[in-house]
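Below, each structure is written out as structure tokens.
The two complexes that follow have subunit A in common; it is paired with subunit B in the first and with subunit C in the second.
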Partner chain A sequence: MVKHPLLRYLSRRLIILLSSFAVALVALFVLLRVIPGDPAATLAPIGATPQQIAAARHLVGTDQTLLSQFIHWVSQISTFHLGNSLISGSPIAPEIASRLRITIPLTLISFAIAILIAVPVGYLAAQRSSTWYGRVLNTISQFGIAIPIFWVGLIFIYSFALRLMILPAGGFPPNGWSDFGGSLKSLVLPVATISFVMSASLTRYVRSATLDVLNSEYLRTARALGFSQRQAIWNHGVRNAASPIISILGIELATTFVGAVVVETVFALPGLGSMLVRAIQESDYVSMQGVLFVSTLVVMMSGFFADALQKWVDPRLNRFSIKSETQ
Partner chain B sequence: MKLGNPRMRAGATIVGLIVLIASISLIWTPFSINDMSGGRLISPSWHHWLGTDTLGRDQLSRLMIGSRIAVLVGVSSVLIGLLVGVSIGLLAGFAQRRIDDLVSSILDILIAFPTLLLAMLIVAARGASRISAILAIGFGISAVFARLTRLLTRTILSKDFITAARISGTSWPRIVLLHIYPNIWPTLLVAAALQFGIAGLAEASLSYLGLGAPPPNDSWGSLLQQAQNTVYTSPLAAIVPGLLLIILVVGVNLLADGLRLNFDPNLRGRS
Partner chain C sequence: MTIKQNIGRKAIAAAVALGFAASLIPAGAQASNPTTVINVGSLYEPQNLDNTAGGGQGVTEALNGNVYEGLFRLNDDGSVSNLLATGYSVSSDGLTYTFKLRSGVKFASGKPLTSADVKFSIQKVIAPASLSARKSSFGPIASITTPDDLTVVIALSAKSISLIYNLSYVWIVNSTATDFAAHADGTGPYTFTNWVKGSTLTLTRNPAYWGPGAKNGSVVFHYFTDATALNNALLTGAVDVITSVQSPDALKQFSTSSYKINNGNSTTKLLLAFNDRVAPFNNKLVRQAVTSAIDRKKFLQSVWGSYGQVTGSMVPPKDPWYEDLSGVYPYNPTLAKAELAKAGYPKGFTFRLDTPTYDPHPAAAAFIKAQLALVGITVNINSVTDNQWYLNVYKAHDFVATLQEHVNDRDLVWYGNPNFYWGYNNPAVTKLVNLSEQVKSARTQTLDLKKANELVVADAASDWIYLYPQIVVATSHLSGYPLNGLNSQFYAYNIVKA
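So, the complex of A and B:
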């Protein structure tokens, strides 16, 4: 029996992660089989004979029972082979891997920049909430959260690429990251777009969490006991403010990841998002399945880490721990 | 006597104006949406206040139609989301550990399909239509409401006043009514406003990606997508739909903030 409450929580959370991932696999499989129309029909030529369609079905595997298709898919996943694209016929796992090389840096860099902006700005906006300065910050973040991400991208393209002509309007160097400078250059505007929008919504969360702490009774009590404002916030405020922010971060990282879908389309980046959009337009369900599987994996992992971090910061969340380790 | 506070009035005015424009578009637009007589991509003039698009259609008329779609999709998907989400959240918040874990894992899965991703999935399954978008966005945001409700319910249930209420013989339904509901609704209202914005933005994103409602009833998102190719020559067509979306979302957020200040006794007088 694991004794440490955090480890016990983590092992339980890991079981939840794995089982929910299993459920997600089933749900993903079932949802994509709801799609009307025969995936094999996409593959067969127009006006194909029944024999040709049957052959295409056999090739895709839709002539098997749903259960054996599912088992086949899961066994494929366990060997990191995600099937072949219905359109190009080539395996999609290498394609996903190469596209992740754009989507993951795009997501992580934008997210990190957004946090770096949001934490100090949100804290200041709360700290100075009654001054004009705090009000201005709050107003900016109010507008920021309402901005459609692709619109920001469009404005950036218009001003920095078309008018000032200092950055590319879109695309990615054909030889990828081996052209490091060119790659970075084509990621500047997409990263700026995502982190601009994400930092605005994060700022609001940081601000409201900080305000909750600043107006709390335990902070007033700490002040009454003679702690300075700084000490009181540091000893009692930070953990309390961090807990809700961390749980939001888990969701926001996923949002950032999916926000990359749209931004990749705006800037014509060959990332995971544009692959998904193309797969939907071509009704290539193998590619859809593969991309959604990888996205689910990424998103569930970020939720797991957010929960673990939150539990570490705020041990009270565990109903079963008898005492928390810090007082 | 003035109603509410400045934020609430500002928000209500903005939302009211957009709803008014949307209702006017039901019976009248300056030009018919299929009227291509305007000449291609002409600049704003007395005749066409915001110019025309590549097919010679009046931009102002198209924007008015777009406002209708924004309001419709926003309201219906938030209602679906609240209905589904709050019920599931309360269930999970009150349930035994096993049921709570089960519901939470299902919520994790739903949240693993962020609004836009789920919407794309449902669009792929049902075909691009307004109903697909509303259903997809509604179910997508319901997970957020459910998780929020569950978290708030759990936090409140761990408080001493709940133990006190139970000891004094209050039934669980009355606890929901007397203690849970008054404590969670301001947060839910703010969340609903934020989700209205997210729903509007998600719908615009879907349309922008070409997965929204088919033409000619274009939403602001598809107007933006069409404007991207001609952004250098007619930037106004790309700027205005985005601005309108921002104004709508800011309006709803202001309204929610104002309502919260007005009703939450903890915030009263703090401003």
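So, the complex of A and C:
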């Protein structure tokens, strides 16, 4: 029996995570099968004989029952094999791993930069909310939220690649990260695009959380007890403001990871998103399942870690949950 | 699944299609440089590396003639020349072909080429598991024997005048190799180096090549899913040449001295294909009326500006049996109305037009709808995905009319197959198409198919809206690249940079 309340909470949360994951697996499998289309049709040539169609179906395994396809898939997942692509015939796990080498750095670097921008800007926008530049910052972030990410990408490409010609418009070096400089250069504009859009929305959250804290009674009490504004915010405000922001960050991280599909298409990056797009175009269920499986895992894990971090940062949540558990 | 994908992108289609041997921009006086890297931008990434397992157009574009070679090579004018075969002889009854192989040829792996590899390669194409539609064109092959290492004998059960031409589509692979989907071991001027899925495919000059050798050091195919990203890559110098331009609007940005826009020969046709089995299109008069009611030149102009061509038939100018039939059904809505009345539809009718969702089909559907409304015909546009098209239109024939691209050349022969999706059934055409394969001379074949084409057009079996342009754009310091038929192959070995 786990004694520590935080660990107890986490183990309960882990059980929920695993059950949600099992449900997600079934949903994923079923939803992909109800989409009209036949992967064998993608492989079979024009003028294909019924025998060729049957051969194609056998090749891709769609001649099996749904149940046996599902059992086969789950048994593959348990060994992290994830199956072979219906179209290329090659195992998809190494391909996913290779594409994650682009999507993960793209997501994490963008995320880190967005936080580095959003936290000070959001704080400043809140603290100076009544001044003209507080309003300007707020307007800029509103603007950032309103424009679609692909458009930001196109503007960046136009400005920095086509006009100034200082950065590549897209693509990734043929030898990948072994060309470290080239790889980093390829990621500058995609990272800038995601960071710009993400920091705009994060700024709004930080501003709103900071405003809540600044207007709170406990901060006024702290000031009345003789703390300076800075001390009061540092000792009491930050943790309080951090709690909702962490929860938003968990969602934002997952959204960015999944949403990288748009940026990867605009910048022709061979990441997980572009793999998904191609799999959809080719009705390659196995590749789709593989990519969505990994994406589901990332989304659920980021939610899990955000929850855990939130618990750790905000002790009140612990107390409430302990109380509720002991009631 | 579209005809384009099946025939073009998959490069495994039309059983009797003429290949696109590259016509090359002359490399001029530029010297070859075995250290130069040629960066090629393409929208056609291979699905796998095996052209008998659904590798797609991309694998032909990257590997055909570059890594893999056939017994014969297709040239730009449609002629066929020896490649791995030094020659062949035909028996007097036309049923036995004896091929002599070039000696001293080795695969990239070092294994010498033998007749066993040739036999294995042909059998791979015609095997039951083969997904190559080329397979049906080898139907007459009765046996393949290998009397010695450099001789292959093919016995036929029926004459096949297109055999040599068809063999130019068969890649000679290493018979001891495995995993053709992920690796390539050919005899060509390049060796396959690596393929980063979703990104690039790299070929490196083969120093042990039996022929003159590539004029550049390596070729990197960069793959894009977005046409704008592809164009940007050329504008920023990330690639030296792009193998297809998707719209004339994109050409404006290349109209400077830094780029060369090449208007090559295409074989891709946009068709309004009627289901000739069902009413009202089982009536020739109705098909003729609809064809006369659509101003094809106006539509081509609106989509491609001054590029492209209205041919008035399935046969592109590169096919030997081409003739300009664009004048058979000039735009004439008055005549169309009269023909409709004569056919029993004085007030017109309503039909469903199954329309693929990607360009230019939706625009074509809207144009056709507007034009046919003027003669009293109501068109209900029904958007269909590739797979829906394949299953409902192509497989189940559950359609009235559809729009579709047909990529390959020499695909007139589909009108000789009454079971094809459009259900055109004219015994005279079927007979001519079948006979054309049995004849002794190419001239007779040409005459037969010309006659067949005239019959097909007279029946207005389909409405051939227009022939696409084939536009290749490259930086002006590049030369030696192929101009035509990029939807099936892209010979890279003559490309040099100034």
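We take it that the second predicted complex is superposed on the first by the 288 of 327 C-alpha atoms of A that agree within 3 Å, B and C clash if a C-alpha of one lies under 4 Å from a C-alpha of the other, contacts with A are read in each partner's own complex, and residues count from 1 in each chain.
The criterion applied here is as follows: a residue touches a chain if its C-beta (ideal position, glycine included) is under 8 Å from a C-beta of that chain, and two chains touch if they have at least 3 such contacts.
Nothing here was measured: the structure is a model prediction, and the numbers come from that model.
Once chain A of one complex is fitted onto chain A of the other, the partner contacts of A:Leu276 are limited to subunit B, with no touch recorded for subunit C.
In the superposition on chain A, contact is made by A:Thr265 with both subunit B and subunit C.
In the superposed model, A:Ala125 lies in contact with neither subunit B nor subunit C.
By the touch criterion defined above, A:Ser98 lies against subunit C but remains apart from subunit B after alignment on the C-alpha atoms of chain A.
Of the two partner chains, subunit C is the only one touched by A:Gly176; subunit B is not.
Of the two partner chains, subunit C is the only one touched by A:Ala55; subunit B is not.
When the two complexes are overlaid on their common chain A, residue A:Leu162 makes contact with subunit B and with subunit C alike. After overlaying the two complexes on the shared chain, residue contacts for A:Ser90 are found with subunit C alone; subunit B is out of touch. Residues 36, 154, 157, 162, 265-266, 277, 281, 283 of subunit A lie in contact with subunit B in one complex and with subunit C in the other.
Interface residues of subunit B, counted against subunit A in their complex, comprise 97, 101, 104-106, 108-109, 111-114, 116-117, 120-121, 123-125, 127, 144, 151, 158, 194, 197, 201, 204-205, 208-211, 221, 224, 227-228, 231-232, 235, 238-239, 241-242, 245-250, 253-254, 270. Interface residues of subunit A, counted against subunit C in their complex, comprise 36-38, 41-49, 51-52, 55-56, 59, 87-90, 95, 98-99, 154, 157, 161-162, 165, 168-172, 174, 176, 265-271, 274-275, 277-278, 281-283. Of all residues in subunit A, those touching subunit B in their complex are 16-17, 19-20, 23-24, 27, 31-32, 34-36, 142-143, 145-151, 154-155, 157-158, 162, 215, 247, 251, 254-255, 257-259, 261-262, 265-266, 276-277, 280-281, 283, 288, 292, 295-296, 299-300, 303, 316, 319.
Those residues of subunit C whose C-beta lies close enough to touch subunit A in the complex are 1, 3, 5-7, 10, 12-15, 45, 47-48, 53-54, 128-133, 135-136, 181-182, 194, 196-200, 202, 220, 222-226, 228-230, 232-233, 235-238, 385-388, 390-391, 394-395, 414, 417, 420.
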